[in-house]
Amino acid sequence: MLRHKRYIVLAAILVASFVLSSTIVVAQGGPEPLGLTDFELCPPFDDVTVTVVGDAGHNLAPYDFWADDFAEMGINIELIEVPFADVYQVEKTEFVAQTGAFDVVTFYPAFIGDFASNGYLMPLDEFMSREPASVWDPHQEDVLAPFRVLYNEFGGSTYALTIDGDVLVLMYRTDLFENPDEQAAFMEQYGHELRPPETWDEWLEVGEFFTRSAGETLAGEVLDQDFYGLAEFGRRSFSWAWFMNRAASAGVMYFDEEMNPLINSPEAVAALQNMVDSLQYAPPDVLNFGYDELRDAFIQGRVAMVVQWTDVPKKAADPEQSVIVGNVGVARVPGTLVGDTVVHRSMMPVGRVVGIAADSDVPDAAYCVIRHIAYSRSLEDVSTALTGLDPYRQSHLDNVEAYVPLMGEENAQAYLAGLEEALQDGFPEIFIPGAAQYEDVLDLHVNQALAGQETPQEALDAVAAEWDEITDRLGRDAQIEVWQQALESYRALGLIE
Amino acid sequence: MSTQRLFNLPERLGGIFGSDRRHRLAAFLFVLPALVMLLAITIYPLIRTLQLAFVSLELSISPNEQYVGLDNFVRAFTDDPRFWNSMKNTAVLVFVGVGIQLVFGFVLALMANEMGRRRTVWVTLFMIPIMIAPVVAGFQFRVIFNDTFGPLNYLIEWASGGRITPPAWVADPGTSLLTIMITDIWQWTPFMLLIILAGLESISQEIEEAAQVDGASYWQLLWRIRVPLLLPVLIIGVLIRMMDTFKTFDLVFLLTGGGPGSSSETVAFYTYLNGFRFFSMGYTAVLALIQLVIIVIISQVFLKLQQRRGAI
Amino acid sequence: MTPHNKKVLRQIIIGIFLTLALVFFLFPVVWMFLTSFKTQGQIFASPPVLVPPSSQWNLDNYIAALFDSGALNGIRDSLIVSLSTAAISVGVGSLAAYSLARFRTGGEQFAFWILSTRMFPPVASAIPLFLIFRELGLLDTYWALIIANSIFNLPFAIWLIKGFIEDLPVELEESALIDGASVFGAFWRITLPLIGPGLVTSFLFTFVFAWNEFMFALLMTRRSVRPLTVIIQSLAGGHEILWAQIAAAGMLAIIPGTLLVIFLQRYIVRGLTMGALKN
């Protein structure tokens, strides 16, 4: 049948690939220790292996950066990289199956209600209060309030430590906004000064103003392709958060005290209408814009302004990726005029926290690992372009010098100032059990409105109706209870009256 | 591969094969491992699915089941337009998409069949799309269809001198499902080509030559001889492709995320969301059961087609 | 024009059409190949960079994918899973196919039931299978994937092999049985050698299906086993999709299947044309 030679070649290829795939370690670069954070390492363990699971890619890089520290603590880190979109599925099935595969779990804080209330996570309070504090204390008081209260705590206990403080900010092209010709033209057209939009109505104005076709001029240069005023996250998954930026600033909360949906109020409908209207000033494929597409539309110089996560300015400062180096301004996400003040709200979608699996058999070592990442070396991790992690501690905002090598003194200051401002506007996702269902329904209908398949009113009425059904299915009384706890923390943060 | 009697035992085999009891036992033992394996994915899950269909099991809240009677069924049939929309999208992929694969595959197979010995080279080249994992294909097509930096629209605009404004593909609710269909057609037309080609080659030369001697034109040969003889291969090919397309999930996940809106959600994608995103196990079970019933109906239709052909 | 010339002309015209079709079918592969040499910035450039500059024709993205991103281990795991899956599917499948083809075991409905299990919604069986594997302690082992993939590929293998067996003349087996050979003996010594090409074809397809499988790979594995599809999907992080590495890993992922096709090509085409040989 087969000639033997071919078998031999095939076999040789197989054998070669097996041999090659045995351990090959590649050295990884990382940020230099800054020495700006006080900490001591845990007393060494006896060669313990801690398994860390998280979304794949550069956000797990810190475990490589600090491999020497972990070695000193007698800890081997084993990383399990899970595709970004599958983190919840993989972790949840593991928690249901309880094979004990994971010790440290990286997850999106939207699932803290689910994970904590089902008993999947170990409460951290006891570890945090151990002595000496220099070894055990993660200095939660330093963590900015929204990231501490909303991301870490559930039912009065701490279940996770923040490692990535996501919040949305407005980014705009300073070279365009400061161009005298453009300023004059804007003044003539709209009767007031060109500035980064303060309100969502101004967002439409500025978006309209900067939308130009190929052949027209922009800031004195003739465009060789179409240019757009604005762009947002239009792809299914998180488009709803860009809607909530608007709705929350107009005072819309997800539910009232009794879990009755408030999402189809007139303010919410107007907010969605504003988002629908804004799409005409966005690139034609904006409904496919996820994080990547949105970031690149901006840093490749195709749009004048975007609302995006706070790590984008770091990418915009990198000439390898960006054509707008040095021309990036950061400001608060636009707001809504309520009475005579403008209220700003910026969503805090995604974010990352680390917790310890309840069935971990090395909880002490696991705690040392998460404290090291979430506190001891966190300043280094958030100030490098090698990760996508964003600042979340007061000390991250105070130590400007950490960011200077990356973006220069002036930009670093502006970046941190913009960030600090944005963080005060932070508005949470739906952090209660069932979050995945509530958010999916909201996203679906917001997206249908954006795609023109439903009117904003129809879309939000549908969300309200479906939310009620979800609440009934999950158990209304229990949901009301956890929701009221959530409202309490929102009140403590000053998000609601 | 057979062109005939895919499921019909040749009549004369009744003799020695069926006569001996030891042989029958052996025949049963032969099929036993496969039977056990297939039962494992059908019977146990089926029983569990049937049981889950009557409970509420919301794993995001608690691991406890609660009997809810027919609630899950009522919801699926009366109160879930999203499910039926995903059914509709799936039907488009299954009927239109696979139909196009059949036509393309058939035409290409007829062409490749004319190429004599050289056809093996063609066949090898055509097989490459099958080798590519849907995960990888999804990423490639996401770039290819991208309105801003993808090559497709760039080439369309370049070729038309800018006169044609191509759609935004995945970002346009009118074309998002089409992108999934095109990717599926790209990946699986070669499969159709392959099995139809094999079928064509197994048609006896003598029959074709006899028809030509009788003065049959190319088209007469095609419609009177080839198509009827190929019918069983076509039926099985279409059935296999319909089964796989019915389950389209990876491509939706990667290309469109189901959007814009719900314009490209397939039933497998929606079921996945309920199972692995919402962890609503009871409702997921009902969705799976409905799909199962549809599958049984479709395969019975095909079985009848097969039998009727056998009778002719 | 002589009939011969006419035939050549006809082949040339058809060749042109086939080439056009090939452009459609190979364009994404060529695009992937080009992408595997690009930088992240070039991938998002508008207008698109079709061909990367010559200075970038190096293996950096391949090396990064293989060694930094774990594609090498992924290839190993995928090879183990896919080769075992193909071996089991073809082994178990050929036995069953023989029984179905020659003894009509269970009748037509049974044969059709086997084929239709391929339609069983994977989501429906995924969770029960997941729970079974948990009970057996098989999660995160090669066995979980090998078993799951084998089961799901079995109907296809049975269907394919059954076709081959049915196309064989029965006389040889019949005379062997009359001479007192066991059924297994007749199957092993007479049928199997004759359907070699069919087995090769089934092996190839089940290998490729298992190699490309993603959902079970994601669900059933944790840290000890990480098939290539999971590794590739992992290159799409929340903040960054490493397109070039995905393309590089994707190119590598085509290699085993393509090698199999090239090495086994004669047998595949022969395998798929058994009927012609019969005639």
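When the chains are written out, they are named A, B and C in that same order, and each has its own residue count from 1.
Just so it is clear, a contact is a pair of C-beta atoms (placed from the backbone, for glycine too) under 8 Å apart; a residue touches a chain by one contact, two chains touch by 3 or more.
Note that the structure is predicted; figures quoted are calculated from it, not measured.
> Which chains contact both subunit B and subunit C?
A
> Which two chains does the highest number of contacting C-beta pairs join?
That would be the chain pair B-C.
> Based only on mean CA positions, could you tell me how far subunit B sits from subunit C in angstrom?
The answer is 15 Å.
> Just the number, please: Cα centre separation of subunit A and subunit B in whole Å.
38
> What whole-Å value do you get for the distance between subunit A and subunit C if each is reduced to the mean of its CA atoms?
38
> Counting only residues that touch at least 2 other chains, which ones in subunit B make the list?
Correct list: 148-149, 276.
> By the touch rule stated above, which residues of subunit C touch at least two different other chains?
Within subunit C, the residues that touch at least two other chains are 44-47, 233, 236, 241.
> Which positions in subunit A are in touch with at least two other chains?
Touching at least two other chains: 85, 89, 93, 296, 302.
> Report the residues of subunit A in contact with subunit C in the complex, numbered from low to high.
Going through subunit A, the ones touching subunit C are 1-2, 6, 9-10, 13-14, 17-18, 20-21, 24, 26, 28, 51, 55-59, 78, 80-86, 89-90, 93-94, 97, 99, 101-102, 225, 291-292, 296, 300, 302, 309, 311, 320-321, 350, 388.
> Provide the residue numbers of subunit A that touch subunit B in the complex, in ascending order.
Its residues touching subunit B are 85, 88-89, 92-93, 96, 114, 117-118, 234-237, 283-289, 293, 296-297, 302, 433-437, 440, 444, 447-448, 450-454, 469, 473-475, 478.
> If you look only at subunit B, which of its residues touch subunit A in the complex?
Against subunit A, subunit B makes touches at 56, 58-63, 79, 82, 146-149, 168-173, 253, 256-263, 273, 276-280.
> Which residues of subunit C touch subunit B in their complex?
The touching residues are 10-11, 14-15, 17-18, 21-22, 24-29, 31-32, 35, 43-48, 50, 92-93, 95-96, 98-106, 108-109, 111-112, 114-129, 132, 147, 150-152, 154-156, 158-160, 162-164, 166-167, 170, 174, 177-178, 182-184, 187, 198, 208, 211-212, 214-215, 228-229, 232-233, 236, 241, 243, 246-247, 249-250, 253-254, 257-258, 261-262, 265-266, 269, 272-276, 278-279.
> Please name which positions on subunit B make contact with subunit C in the complex.
Answer in residue numbers: 1-3, 5-10, 12-13, 15-18, 20, 22-24, 26-28, 30-31, 33-35, 37-38, 40-42, 44-45, 48-49, 104, 108, 111-112, 114-116, 119-120, 122-137, 139-141, 143-144, 148-151, 154, 186, 189-190, 194-195, 197-199, 201-206, 236, 239-240, 243-244, 246-247, 249-250, 268, 271-272, 275-276, 281, 284-285, 288-289, 291-292, 295-296, 298-299, 303, 307.
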